[in-house]
Amino acid sequence: MKVLITGFDPFGGDSVNPAYEAVKQLPNEVAGAQIIKLEIPTVFRESARILEAAMKEHAPDIVICVGQAGGRSAVSFERVAINLAEARIPDNQGNQPIGTKVEENGETAYFTSLPIKAMMKNVQAHNLPAYISYTAGTFVCNDIMYRLLYMIDKEFVGIKGGFVHVPFVPEQVINRPIGTPSMSLQHITESLIYAIEAAVRTEVDSEVNAGTTH
Amino acid sequence: MKVLITGFDPFGGDSVNPAYEAVKQLPNEVAGAQIIKLEIPTVFRESARILEAAMKEHAPDIVICVGQAGGRSAVSFERVAINLAEARIPDNQGNQPIGTKVEENGETAYFTSLPIKAMMKNVQAHNLPAYISYTAGTFVCNDIMYRLLYMIDKEFVGIKGGFVHVPFVPEQVINRPIGTPSMSLQHITESLIYAIEAAVRTEVDSEVNAGTTH
Amino acid sequence: MKVLITGFDPFGGDSVNPAYEAVKQLPNEVAGAQIIKLEIPTVFRESARILEAAMKEHAPDIVICVGQAGGRSAVSFERVAINLAEARIPDNQGNQPIGTKVEENGETAYFTSLPIKAMMKNVQAHNLPAYISYTAGTFVCNDIMYRLLYMIDKEFVGIKGGFVHVPFVPEQVINRPIGTPSMSLQHITESLIYAIEAAVRTEVDSEVNAGTTH
Amino acid sequence: MKVLITGFDPFGGDSVNPAYEAVKQLPNEVAGAQIIKLEIPTVFRESARILEAAMKEHAPDIVICVGQAGGRSAVSFERVAINLAEARIPDNQGNQPIGTKVEENGETAYFTSLPIKAMMKNVQAHNLPAYISYTAGTFVCNDIMYRLLYMIDKEFVGIKGGFVHVPFVPEQVINRPIGTPSMSLQHITESLIYAIEAAVRTEVDSEVNAGTTH
């Protein structure tokens, strides 16, 4: 089984993005599945083009995109992506869509096809906080999640896909307002590992139940 | 040089207290100074009696008491302790003082004698957030800080003393409201090490300047 | 022109719900439109049945449902409702759906058809904070918003509908954690008036542009 | 009986300061006591000089200074002022003390002599949130509170004095981060009235008990 996992590059004035920093730290195998890591740019649409090429190249069973949600206190699993782009700041190529659709002919929203409750519970079972979120925002994180689920719907049917938000790492909050939460890179990385582990096991179980192998 | 560092035991329904958990992890020597670790009970007055005995036994140059401040996002260094006990919940022996003085004949407040700006800056210089706080609350944390500074004023003149608040560790926020910050035990421990390092160096420098040795 | 506006009754241990308290205070006419006020129960599905009957009876041009979002700091306008019910607490009839669809054959989500940017800006232009939210949660607020937009899609084509979340009123936060935001009932009510005003004007403009009258 | 109440002028880029805005709205009499209102500049030391002159002129029984604590959610009554000035931003005359004492020969801290628990409870009894705070910060608010209590200690013995922090008003949070709490000017003003009422009644009671009249 193959898991393709992406992380965004830094944006908005920060010199690191904990998303790809954590992805980089992942082992090459989790729960028997091969982990393929990919850095993608914090750019509307372009990030999805790179993702699509990687999906074609690697034919993953599971795709997890990871992004930073500054101000959140724990790793959070997104339930839904919406067909809307509203950028408060420009992306890394200067795009700043206001009130536009992500995909003209897409659904209003797509639910993740990842087993996010099982993923959250496995993180919590290892003594780390985690929760489910019902908004991935309207910036590049929602954009890549929406486009991933759109591509799965149209082109890569059966792949399990979704999005995970990670907090700031401690160094990012030194000069932010007192009270801004953060999480250590090690704990973010571990949370991703436990989440992947649960996703892989759920997928293995479902394939066993379906009488398929892969 | 000797540093005596204390941490409270668990209270208020939590099964761990990151304060003593972090103190336990400290090395036995930091910046050339011997580290003496002491667990104290989350009990008004009684914790100070145990501290006083340890101060007599070990004759430390520096005393740092550590306690948990659930909800804070980083290690914070307390500037001041006040002569007031107001307990919202009972301590671990059922004491719940309301609006009483800590010491009948004490000052209204004592400032820490630790070099807390240098301690904060040394933590930040190692890529961890830290800040100075101007209230240690009115529970057992303020009580031990006040009594420590009172004892230094009356009995242990010249010792440098103060209080450090540490956040929840991640496992403590799994079942708390989403958004509650935490910090890894490793980062809390490292923050304490960098803080001790700065306190020891400042003390060494001041002794050199004063032409004394110890 | 007619505006039907609903507010939920109290739930979750609170003795008031600022949603209907504010709706009750509305004048009977705003910007030339008739305001029809309706209290609905904090009950999954049942609240929508009552709303549907009122929509049939009154044939409104605009429907705005209002609910409480405890912990938010200002009136917020919801962009999207999702086809998911996840109740952390039971509703007022003891229903507690976990991971179920709101409507078996509904879309994954519906966007509001209210002009929420114009509504937000009109509130802000009157010196009150307001913002757009991208999640109405997964409790009864999302349920009524989803069902309203579903009904508009299937049965009441052309009606403008959506959902507005309002903060706690001050009396509700006296015994909540320090720092919990609230807003005065008068300011909540005024925010609703300015929001309705913008919605009515937008609707009038669009009808004028379309060459229709009503 | 006379109550002298002060409010700071705007600072830090805001065009209003809810402190004096609320003070201005106060009636000229509360609970039988005369209310004397005074705007003071957001300037270290200078504000206290103006206060001292007004105390000499009016011979008040009670002095309450009011300032803004942006980000707090309710009116809060300060318990203690400390002998420390640490300014993160310059005051309105460009002064920015870092780590200096407020008064060279003053105590480390002074407790308020106002009956702040009774004041808080009277606000809450009128359905408004209120709480007691244990830090007035280290900017001009702490400075005026410290100097007031210092002057009472040295020069105006027997006067009851203290400090009250008030939240932002709604218009101030329109362009601040979503989630920043505010309180309506009317509720801030009412909170001050109920607080004064309790302070005056406590003072009247204590004078009756002491067999004095005034």
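Note that the chains are named A, B, C and D in the order they appear, and that numbering of residues resets to 1 at the start of each chain.
The definition used in the following text is that a residue touches a chain if its C-beta (ideal position, glycine included) is under 8 Å from a C-beta of that chain, and two chains touch if they have at least 3 such contacts.
If you're wondering where the values come from, they're calculated on a predicted model, not measured in any experiment.
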{"item": "Labels of chains that are neighbours to subunit A and to subunit C", "value": "none"}
{"item": "Longest centre-to-centre distance from subunit B, chain (CA-based)", "value": "C"}
{"item": "Rounded Å distance, subunit B centre to subunit D centre (Cα mean)", "value": "31"}
{"item": "Between subunit A and subunit D, centroid-to-centroid distance (C-alpha), Å", "value": "49"}
{"item": "CA centroid of subunit A to CA centroid of subunit B, Å", "value": "39"}
{"item": "Shared interface positions of subunit A, touching two or more other chains", "value": "none"}
{"item": "Pairwise touch network: line, ring, star, complete, or other", "value": "ring"}
{"item": "Complete list of chain pairs which touch one another", "value": "A-B, A-C, B-D, C-D"}
{"item": "Subunit D to subunit B touching residues, read off their complex", "value": "79-80, 82, 84, 99, 107-111, 117, 133-135, 137-138"}
{"item": "Interfacial residue positions of subunit B with respect to subunit A in the complex", "value": "72-74, 124, 127-131, 170-171, 173-174, 178-184, 186-187"}
